[in-house]
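Order of writing sets the labels: A, B, C and D. Residues in every chain begin at 1.
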Amino acid sequence: MTEILDILISASFWAAVLRIASPLIFATMGELICERAGVLNLGIEGIMVIGAFAGWMTVYAGGGLWTGVAVAMLAGMAFGALHGLLTVPFGLSQHVVGLGITMLATSSAYYAYRLALPEVTNPPRIAPFQPLDIPGLSDLPWIGQALFSQTALTWAAFACVAVVTFVLFRTPLGLALRAAGENPHAVEAQGLSVGAIRMGAVIVGSGLMAVGGAFLTMSAFSSFFFEMVNGRGWICIALVVFGAWKPGKALLGALLFAGFDALQVRLQQTGMGQIVPYQVFLMIPYLLSILALVLMSRRAEVPAALMTPFNRGER
Amino acid sequence: MATQDPAQGDTVLRLSGITKRFGALTANDGISFALARGEVVALLGENGAGKTTLMNILFGHYTADEGSVEVFGQPLPPGQPGAALAAGVGMVHQHFTLADNMTVLENILLGTEPLWRPRLGRPAARRRVRALARDFGLAVRPDARVGTLSVGERQRVEILKALYRDARILILDEPTAVLTPQEAEALFLTLRKMVAQGLSVIFISHKLHEVMAIASRVLVLRHGRLVGETATATTTRHALATMMVGAEIAAPAAAKARPGNVLLRLEGVSTAPQGSRPGLRDVDLSLRAGQILGLAGVSGNGQGALADLLSGLETPVSGELRIAGKAPAAWSPREALAARIGRIPEDRHRTGTIADFSLTENAVLESYAHAPASRRGWMDWRAARRDAEAIIAKYDVRCPGPETRIRLLSGGNMQKLILGRVLEAAPRIILANQPVRGLDIGAVTYVQKQLIAARDGGAAVLLISEDLDEILTLSDVIRVISDGRLSLEFARGEKTPAELGQWMAGQGFDHAA
Amino acid sequence: ASTGFLPQRLFAQEPIPVAGIYTVPVEQQWVSRIHLAAEAAKADDQITYSFSENTANTDYPRVMREYAESGAKLIVGEIFGVEQEAREVVLDYPDTAFLMGSSFMPDPAYPNLAVFDNYIQDASYLSGIIAGAMTETGNIGMVGGFPIPEVNRLMHAFMAGVKEMKPDATFQVSFIGSWFDPPKAKETAFAMIENGADLLYAERFGVSDAAQEKGILAIGNVIDTQADYPETVVASALWHFEPTLQAALAKIAEGSFEADNYGLYSFMKEGGCSLAPLGTFEGKVPQDALDMVAEKEAAIRAGDFEVEIDDSEPTSS
Amino acid sequence: MRLEPIPAPGPARTLGLPALAIAATVAVAALLAALAGANPLQTFGLIVKGAAGSRFAMLETLNRATPLIFTGLAVAVAFRAKLWNIGAEAQLYAGALVTVVIGTQLGLPGPLAIPLMALGAILAGALMLLGPVLLKTRLGVDEVVTTLLLNFIMALFISWLLEGPLKDPMGMGWPKSPALPRDARLPRIVEGLRLHWGFAMALICAAGVWLIQTRTTLGYEIRAVGQNPQAARFAGIPVGRVLVKTALLSGGLAALAGFSEVAGLKGNLTSDLSPGFGYTGIVVAMLALLHPLGVVVSALFVAGIFVGADSMSRAAEVPTYIADILLAAALLFMVLAILLTRFRLVRG
C-alpha cells in the first residue's frame, strides 16, 4: 500500500500521466465531436495511424514540427471526409465504414511508409517536440516536474479540451452540432444543413484524432512504427462514453486511464509485481473503465441520434 | 380549381401549380392557392390526402416536381428550409422537431445566429423569449429541458421558435391532435393574438369544430387535389365532412347498453409514479361486460398509469387487480393477453406497431406465440398471412397488400389494423387509449363503430380520451381522472360537460373524500 | 550492409531463389537481422530474395505453399506460432529447404526443415559485463516485449554478465505486452529510472530514448543503435544471421540440406553474434571490465566456457 | 442532398454497380502497384489467380472464409436485435480457449472430445456476451463499449494463460497451449489441403441461422425487439429474455470460429489465433445486410479479396500491406454499390 502511495506522490508519476494522456485527449475530443454530431467514428484507430505517419514523415522529409502537425491533421481530415461522405449523405452503416476506414488508413500508412523507406531496419528518428521550459514555473519543486516539463503538444491537448468545451456549449456552431446529434429533424427545421454540420464535425474530429496519432511519433516518441497506435483509438471510444459525451469528464477519464497505465508500469516493479502477472496490471485500466461505465450508466446521456443516419424527406 | 384571391397588396403567400410525386403516387396534384395577411386558412383532408406534403414543400423540406412558391411577392428557392425561415415562414410540424436533451432556449436559438459568431447571445435571447411568451400567452421556462415538458408545452416551444424568427406566416400541422381541450383553447387564444398582429396562419386539423372556430377560410384536399374551398361563415361541419370524404358520413348510433357482470375490478390500487408522470392513488374501478366506461381527464393525470396497468406493463404497489373475480398470480403483457384484455395503445407508431414489419408481421404481434401463427416455436407464415388478409378485408385496411411495410400506411389505416388485431382475438375487456387521435373523420367514425359493436358483443370497454365530445358520445358510464384519483361513476347524461370539466380540474374530489 | 561475415563465394552458379516470411514488419529487431543478411546475399548475387512481412499466423502456411509453388529453393522465417501446420506443408514440398525459427529441435521425420533461433547469449553475457562495470547504483532496468525464450535467455545471460562485475546488482524487469509500442516502452523505462535504475537493457525500441532523455546509459540488444544514441548506448549484443544463412545456402548448393539445428550458428564461436564496437564509449569503459570481456570472449570462442541458456521468465530482484 | 429510393432497379443497376465496385478496386490495385514500380496491368490477373486460380487457391479462400462466416453470423444475429456486439473477437478466443482446455486436459477419446469441445466453446462464447447484455438490460450500460473493452481483457487473459497455467510444457517456453491430440481434430475435407470440416459446419450454421430468423418464433422475436423494443414489450415479447437468447446465439456462433480455427486448423491456441476475425465479422455481416445466407457470400468475397490481393503482393513484389488496402477499398466500394442499387443521391 505504501508503495502505491509513494508512487502517487511522486512528481514524475504525474508528469507521466499527462504525457500518456495527451494523445488520448486529442483523439477523445475528436471522437466526442463526431459523436456529438451523431456519427460514431470507428475509423479513429486508423486515423491515428495515418496521423502518426503523416506528421512524422513530414518532419523526416525536412518539414518543421508544426508543419508536421498540420499535415497530420490534414491527412486525418482527408480520411474523415471519406468517412463523412459515406456515412452522412450516403447514410451507410457507421460500423462498417468506421472499420473500413481504420483498415484503409492503417494499411495506407504502412504501404506509404514501406514505399518511402524500403530499406529500413533501424527506424529513422526525427528531433521531436521538446519539453517547454517555462522560466520560473519549470523550476518549482514538485509542480515544476509534474506539470511544467511537458511538450507544447501536451499543452495543446489541454487547450483543445477548453476550446472544444467552449465551442460546443457557448457558440452557435456548437449548438448546431449538438442538435445534429440529438435530433437532426430539429436542425433541418431551423434551416440548417444536417449534412454539412455532420460532415464538418467528422472532418474536424478526424483531424484531432490524427493529431493524437502524431503525438505518438512527434512528442512521445521520435520514430514511426507499425502498430504503434496499439489500440489507443479504441480506448478513446470508451473514454467518450465514460465521459458521458462531455469534454471535461472525458478529459478526466483520459487522465484516469493514463494514471492507471502509469501506475501499472510502476507497480510491476513493486512487491506486487512479483506475484501478480503483468497481464493483470495491463488489464486494470480496461476493467476500471467497465466498472466506471457501470457506476455511471444511470446518468449517461447518449446523443439521441447517435448512429442514426439522416436523410432529408424521409420520416 | 381556382381559389378566391385576396386583394393584391394583401397577399403574403402564393402557391402555384404545386405537384409532388412519390414514385407512382401523386401526393400533390397541381395545387394553387394564396394566403392573405392576417388570415387563418384551414387545410382539410383525409389521412394521406397530401396536406403535410404540401406544407413540407412550402417550408422547403421537399422540392416540388412542378410549381412554385411566392412569399411576399418574392419567389422562394425550393428545398431550403433556411430560405423559408428567412422569408418569414414558420412551421410547427405534425411530429415535433425538438431536441429533447436540450433546453427550450437552445432549441429556439438553434440556427438563429450566424454559425461562426464566437458567442451565443444567451441572456439577450432569454429576455426576448420571455417577452414573446408574455405577449402571446405562451408560458414556458426557457431553461427547462425539453424532454421534461408536457406535449402542450412543447408545442408552445415550437410556436416560440417561429415567433422568435419573426415569422409572418405560420404553418400548424395538426397542432391540436395531441393537445388537451384546455391546451387547444389556449392555443387558439395565442393564434388570435397573432392574427391581430397581422400574422397569417395555415391550420391543419381533422377536428371540424376547431376549424370552424379558428379559420376564416377552408381548403379541402382529396387524393392530392384541391377539391373545394369555402368560407367558414357560410358552411357547416356536416358540409365540410362531406366535402372531405366525398360522401356522407353517418355518426355512430349507439344502442342502449345492456351491462353484464364485472369482468375486471381494481380495488384500492396504487402505482408508483414514473418521472413526472403520476401514479394511481387508491383507485377502485369496475369494468362490466357490455358497457363502455369513458375515462375523461386532462392528459398526465394518471391515464398512462392506468393504461399501463391494464396492458400488463405495470404492477400495483398496493391494492388488487381482479379479473373475473380472481387476482392473477403474475402480471405482464403476456398475462394481460391471456386474460383476454385487448389493448389499443395510445401511440400507434411507437407502441402499437413495428414500422418496418409487414402488415402480416404486425397482425400477429400479439398472437405469434401460439397456434395458428406458430407451432412448437415454428412460425406458420401462411396461417399468419391468412390472419392478416382477414383483418385487412374485414376492417377495410387500405394498403397494397399484406406484405407491405406498415410504415407506408396512413395513421388511420394503421389504426384499423391494430383494431382488427385486437378485436379478432375476441377480447372480453378492451382498453382503448386515445383510439382516434390524429385520424380523419371517416376513420374516426369507423373505429368508434367497431368499439360499439364490440360492446354489443359483450366486451367491457375502457375508453380513455381527452376529447370530452368523444367521451360523451360513446360512453355508457363516465368517470373522471385527476391527479391519479378516480371520480364516482356518472351515468350517461348525468353531468353536463361543464360539470365534468370541473371534475377534470380536480374539483369535486375533495367533497367526495 | 556488412559483408564481413560473408565467406568467399564458393560457387559461381545461378542465384538461389530465397523467400522470407515474417509475422512482423521487417523493422522488428529479430526479423531485421534475417532480412539484412538476405539483402546482403542478394546484393552479392548469391540469391534472389523476396519476402512477405506482417503475415498473420493464420495465413502463414498458405504463404509457405505459395512461395514453395513459385519455385523458392529456400524459405526462411519463423514458425513459433504454427509449428504443427508448418510441418505439414514442409512434407508436401520435399525439394524446398525450410529454415525456420522454431522452438523445437530438428526432426528427421521432416528432412527438409531445419531450425534456428537467436542464440546470442554469449554476446549478451559480454554486454552484461560491461553493464556491470558502468552501473553505479547497481540498479538495472530491463524492458521486454513478451517473456518468450528468445528474450528470456538473453536477459538471463545479460544478468549473469552483470553479476560478474557487480554480484549484488538488482534488476527491474517489465514486459509491456507488445512488440511495437515504443511510447509504452519508453514510459516503462522512465518508471524504472525513477525507481533508481541508472542503466537500461534496451530489448525494445523506446528504452534507449528514455535513457537518452534522462542522461543515463543503455545496453543494446540484437541490433546496434549506437549511431542513434551516441551518448547513451554503451554496448550492444549483436546477432548476425549471415553464418546461419550461409551455412544453409552451402548445404543447398551441395544438395545436402537436412533437418538440423542451425541455432548453433548464432553462437559466438560461429560468428553468429558479437559485442558491438564500443565506438563513442571507447576509453570510457573501465579496463578491468574490458579485460574480463576479452578473457571470457576468448574462452567462449575456444569452447572453454559456455554461457548458460535459461529460457525461463526473468523476474525483478 | 438526399437519397431517393429507386422503385424497380433493373439488372443493369443491380449487377452493374457491384461489378463497378470490383472494377474500382482493381483500379486502386493497379494504381498502388504502379506506385510501387510494379506492372499495373498484371494486378487483376494476379489477384484472381491468387484467390481462385487453382484448387489450392480456391480451398484457401474457403478456408479463410470459414471463421468469417461464423463471426459474420454472430454479428448478423446480434445486430438484428440491435445488440451491438463488437466483441466477437473476445468470444472467438473464449471458444478457442475452452476448445483447447477440453481437448487437451480431459484426455477424452476424439469422437467424444470433438462434440464436447464444440459445446463447451459455444457455452463460453455465449457467457462472454451474456455479461455485457445483462449489464445493458439491467443497468443500461452501453454494450458497444463493454464488448469492445472485453476484447482487450480477453487478449490479456489469454496471454496470461499461455504464459502460465496453459503453457505447453513441450513448447520450449514459447507462449502457446499444448496441441490437441490427433483424433480430437476436425478432419480435412480434402486430404493434404487445409480445408477442414469447420467450413461445412459454418455453412450448416448459416442455414440454421437463416431458418431461425425466418421460420421460428425466436427469429421473429429477435427482429421485433431489434426494430422496436417498446412495441415488442407491449405485445408481450419478453425483451430482456430475447436479448439474452440473442446473446447466447451470437456469442456461441463467434466462439465456434475459435473452435473451428483450433480444432480444424491450428491444433493449439496462440495469442495471435485471430487476425481480427471478430472485427472483420462486423464488416462481413453488414455487407450481407445481416442476411445469414448473404454472410456466406460476403465472407467468401472478403476472403477472396484478401487471399488474392495478398498473393498478388508477392507475385508483383509490392509491399504486403496492399492486401489490406484493397480489402478495405473493396468493402467500401461494395457497400456503397449495394446501397446505390436501391437508392440514388439527388439534390434538394
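Rule of thumb we're sticking to: a residue touches a chain if its C-beta (ideal position, glycine included) is under 8 Å from a C-beta of that chain, and two chains touch if they have at least 3 such contacts.
None of the values given here were measured: they were computed from a predicted structure.
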item: Pair exhibiting more inter-chain C-beta contacts, A-D or B-D; value: A-D
item: Most distant chain from chain C, judged by the mean position of its C-alpha atoms; value: B
item: Averaged-CA centre spacing for the pair chain D and chain A, given as whole angstrom; value: 28
item: CA centroid of chain B to CA centroid of chain C, Å; value: 76
item: Separation of mean Cα positions, chain D and chain B [Å, integer]; value: 46
item: Distance from chain C to chain A - Cα centre to Cα centre, in angstrom; value: 35
item: Two or more partner chains touched - positions in chain C; value: 54, 177
item: Of all residues in chain A, the ones touching two or more other chains; value: 110, 279, 282, 312-313
item: Chain pairs in mutual contact under the definition given at the outset; value: A-B, A-C, A-D, B-D, C-D
item: Residues of chain B that touch chain D when the two form their complex; value: 23-24, 63, 78-79, 311-313, 332-334, 336-337, 343, 345, 350-357, 361, 365-366, 368-369, 374, 377-379, 381
item: For the chain C and chain A complex, residues of the former touching the latter; value: 24-27, 32, 35-36, 39, 54, 172, 174-175, 177-184, 186-188, 190-192, 194-195, 205-206, 209, 223, 225, 227-228, 315-316
item: In the complex with chain D, residue positions of chain A that touch it; value: 40, 82, 86, 89-93, 95-97, 99-101, 103-104, 106-108, 110-111, 114-115, 195, 231, 234, 237-238, 241-242, 277, 279-280, 282-283, 286-287, 289-290, 293-294, 297-298, 300, 302, 311-314
item: In the complex, chain A residues that touch chain B; value: 170-173, 175-176, 178-179, 182-183, 185-193, 301, 303-304, 312-313, 315
item: Complex interface listing, chain A residues touching chain C; value: 10, 12-13, 16, 19-20, 110, 119-123, 125, 216, 220-223, 225-228, 230, 261-262, 265-266, 268-269, 273-274, 278-279, 282
